[in-house]
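The following pair of complexes shares a single chain, chain A, combined with chain B in the former and chain C in the latter.
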Partner chain A sequence: MIRRIAPLLACLGLLVAWQLASLALKNDSFPTALEAIRAIPAVLGDKDSLVNFGASLRRMAIGFAAAVVISIPLGLLMGRSRAVASFFNPLLMVIYPVPKAALMPIIMLWLGVGDLSKTLVIFLGVSLPVIYHSFEGAKAVEEKMLWSGAAMGLSAVQRLVRIVLPAALPEILTGCRTGLVLALITMITSEMIARQSGAGNILFNALDMGQYDTVFAMIIIVGAMGIVLDALFERLRARLVRWSEPQFDIPLSFS
Partner chain B sequence: MIEINQVSQVFQTSARQDHLALSDISLTIQDGAFVSILGPSGCGKSTLLYIVGGFVRPTRGAAKMKGRAITGPGPDRGPVFQEFALFPWKSVLGNVMYGPRQQGIKHAEAEAQSRALIEMVGLKGFEDFYPKELSGGMKQRVALARTLAYHPEVLLMDEPFGALDAHTRTRLQNDLLNIWERDRKTVLFVTHSVEEAVFLSDKVVMMTRSPGRIREIIEIDLPRPRRRTELLLDPRYQKYIVEIERMFDDSGEGE
Partner chain C sequence: MNGRAITSDLLLGMIPIVLLVALWQALVSFGYAPVTLLPPPGQVFSRMAQQLLSTTFQQEIAATLFRLFAGFSIATVLGVTIGLAAAVNPAVNAVVRPIVRVLAPLPKVALYPALLLLVGFGHQSKILLVTFDALFPILLATYYGASTVEQKLIWSAMAAGTPPREILFKVVLPAAAPSILTGCRIGLVISCIVVFLAEMITSTDGLGHALVTAARTFQAVDMFVPLITISLVGLILNGLLELVRSYLLRGFPEA
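The block that comes next holds the complex of A and B.
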């Protein structure tokens, strides 16, 4: 019971803290939680902003899907083949520390401010954690499992698809979960830089015009989107890798 | 017939040193023979088995099966590993059915055969359990059933009963002997139990401490079918055991 309502309590606590903080600060650019919540229906009721949200979600879905489809096989191959790993590792090491949104201006020069640039940035943001976790997952697959498969007559490709992929799936999905959050972040930041459409566009336009209750309403909406997406993904993950979940919750005692 | 011809195995350790694991092993195993490999821990028993399985390529020498050089794993040689070999994302039934399905046997038929095998190893009722839901001994029995399911001509067993309690161990030894007497598969069986080796085998190959060499090959001339309770009273059986135990002691190689 407590476990079920704990997230709700956490959200509620956050809102209360926000309300108190903004009442105490009495700052124009920091509306109270209630004011922000009251502004939500206006944002969601507006047809224009719904179109913007739709565009954001579409880019995010395409970027995320493309990244997953390409990164999982690449990561798995890297995990099982030293040659592939030593070819791609340096490349990834170069890209890894660069904030993907920082590439946005350059990409915009090449591809314009439209969907393509933003989707590409989301793709890049999602790719790295998925590649990394697929790589680690594939590397950790027990040799005896692969040997057993080989003895049953599975070819190298079959072993990759039918043994390495399922065995590494829990790890891969961990990467996808990180990727999902990053997709949301890069989605917003890309729209902040290429201000042309999307949820980030609404948010930063409102900021420019000093409509702070709209700004904070957007923050709540984006946050809620993150929570819902993550919860949905967690459901899918739990279904896919039920076989690997730990049996018992070990109660930790701090006494 | 399996011929092992002057096989030596050198491993490169992580510290870049050469480690001689097997030295000049020559051994011939007749079709239908039950041969055990016995020796102190680390003498290369598993390595020798892996070479016959085609999982490890020997540094020097060669292994042949039916006159053809062994270049890789194949469904004619079925391994039963010590641990970590089951597919954790497959149920018990799924694991056992994997080999037959891979060989193109129809689902219904593979399932019927697999259920019979699962019953034989004493796991009726556990068909839908996942490996993480089984005890160590149960996993080992699934591993045996999974390998038997695709009917390899040669069984390569690496201490398959090592983790079992005495009762289950005896039962499975009897089951294995029954299967062997029915099908006359060739069995290469690694164990560190002298009693187990003598009870099961036609031939016991004693190895020396690392680097592994063949120290002696003992023909076990006891009547079959063997009954454990009868053998325990048989002076010939006792003599074999004492003789082999002495060899362990001689060189201070007792475990």
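The block that comes next holds the complex of A and C.
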């Protein structure tokens, strides 16, 4: 029971800390938690902003789905074949530290400010961690299992789908979870750069216009989106890979 | 792996990068993309060489690096400390776990407007954002690594009469080192990305600011230069971390 409500308690604690901090600072541009929460219905009640949220979520879903569908097979292939790995690794290493949302201005020049460029940026942002984790996961698959599979007459493709994929699944899902958070981050930043629609647009427009309670209300909403999406994904993940759950909840005993 | 295999791997890895540059050149040469939107690679690289020698651009790099290192170092110290504490102390664990569960999936970029309003437009807000973003991967990796230390190791140390405080530093910390360093690596890439984004949002200097300035004046060449620079910075830092890793983990098998 305590376990289940602990995250809620943590949220509550953070909000209380916020409330106290803003009361103590008495800063015009730092509304209290209550004021920010009171501004949420105004933001959510507006039809325009709901359309914006819908657009954001749609781009994020498409970008994320496309990235996962392409990255997992690529990562698994890289993990199982040294040639494929050494073919793609340097390229990925070069791309990894580039902030994908920073490509926005360039991509905008080519594809415009519409959905296509933003979805593409989200796609790029999500694919790298997913590729990386699939790669690591596939690399760590035990050779013996593959040998047994081969001895039982599985073809290379069948081995990849029926042995490597399930064995690497925990690692792949860790990558997807990172990818989910990154998708949200990239979504917000891409909309901040191409101010045309979306949640990031509302947030940063409110900042520029000095509507601070809207800014903080949006922070709460976007944060809640992240937490809810992560919790949903975590539930899915727990169901898929229940067999591999590490038992590291037990604290080490030596004190 | 012998020397020749490494060389051929390197050659294989160069292929996609060379192909990419060739495609880029071809797009320009055959007139598919106007030079104003996609400058030829030669022009970009010569501009880059010229910029790297200029003091103004070096100052931009220095500003970015300073924020990156400051944020990343704070995140590493905090992450390792909190992660270790949560792994060995049940009381800390009970408090930290739910808070981390709530804060980790939160898209920190959304907090950036709040940081701007609270600590201003200077270095602090960017350093804080980098810290927030790099903290959680490091913290989680430390926690995971420290929680999965083999209990037998600790029992042996206890049997040998090591006091609890020393067990923490002589057994748990070294045993968790590989995991911590993996977390640091992820944190480092994230730091590169976030510092750039923060500079793009509001800044008067730094690589991100250089990109935004170029984008506002439609200088396509100058937009590529900061992006390639941050990619190089990421590569170099990753290489340095790899050196640190192989030094720290010299006793570990296949580290």
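Methods note: the second predicted complex is superposed on the first by the 248 of 255 C-alpha atoms of A that agree within 3 Å, B and C clash if a C-alpha of one lies under 4 Å from a C-alpha of the other, contacts with A are read in each partner's own complex, and residues count from 1 in each chain.
Basically, contacts are C-beta pairs under 8 Å (C-beta built on N, C-alpha and C of every residue); 3 or more make two chains touch, one makes a residue touch a chain.
Note that the coordinates shown come from a computational prediction; the quantities given were computed from them, not determined experimentally.
When the two structures are aligned on the shared chain, A:A167 is found in touch with chain B, with no touch to chain C. Legend: residue contacts after superposition of the two complexes on their common chain; A:M218 is shown touching chain C, with no touch to chain B. Taking chain B and chain C in turn and counting the residues of chain A each one touches, the greater count comes from C.
In the superposition on chain A, A:P97 contacts chain C only, with no contact to chain B. By the touch criterion defined above, A:G45 reaches neither chain B nor chain C.
Touch criterion met: A:I193 reaches chain C, while chain B stays clear of it. Once the two complexes are overlaid on the shared chain, A:L9 sits against chain C while remaining clear of chain B. For chain A in complex with chain C, the residues that touch the partner chain are 6-7, 9-11, 13-14, 25, 27, 29-30, 82-83, 86-91, 93-103, 105-106, 109-110, 178, 180-181, 184-185, 188-189, 192-193, 203-204, 207, 212, 215-216, 218-219, 222-223, 226-227, 229-231, 246, 248-255.
The residues of chain B lying in touch with chain A in their complex are 53, 55, 72-75, 77-79, 81, 83-90, 98-99, 102-103, 130-133, 146-147, 150, 152. By the touch criterion given at the top, residues 9-10, 12-17, 20, 33, 37-38, 87-90, 93-94, 97-99, 101-111, 113-114, 116-118, 144, 146-149, 151, 154, 157-158, 164, 167, 172, 186, 189, 192-194, 196-197, 200-201, 208, 211-212, 214-215, 218, 220, 223-224, 226-227, 230-231, 233-235, 237-238 of chain C touch chain A in their complex.
Residues 142, 144-145, 147-148, 150-154, 163, 166-167, 169, 241, 243-244, 247 of chain A touch chain B in their complex.
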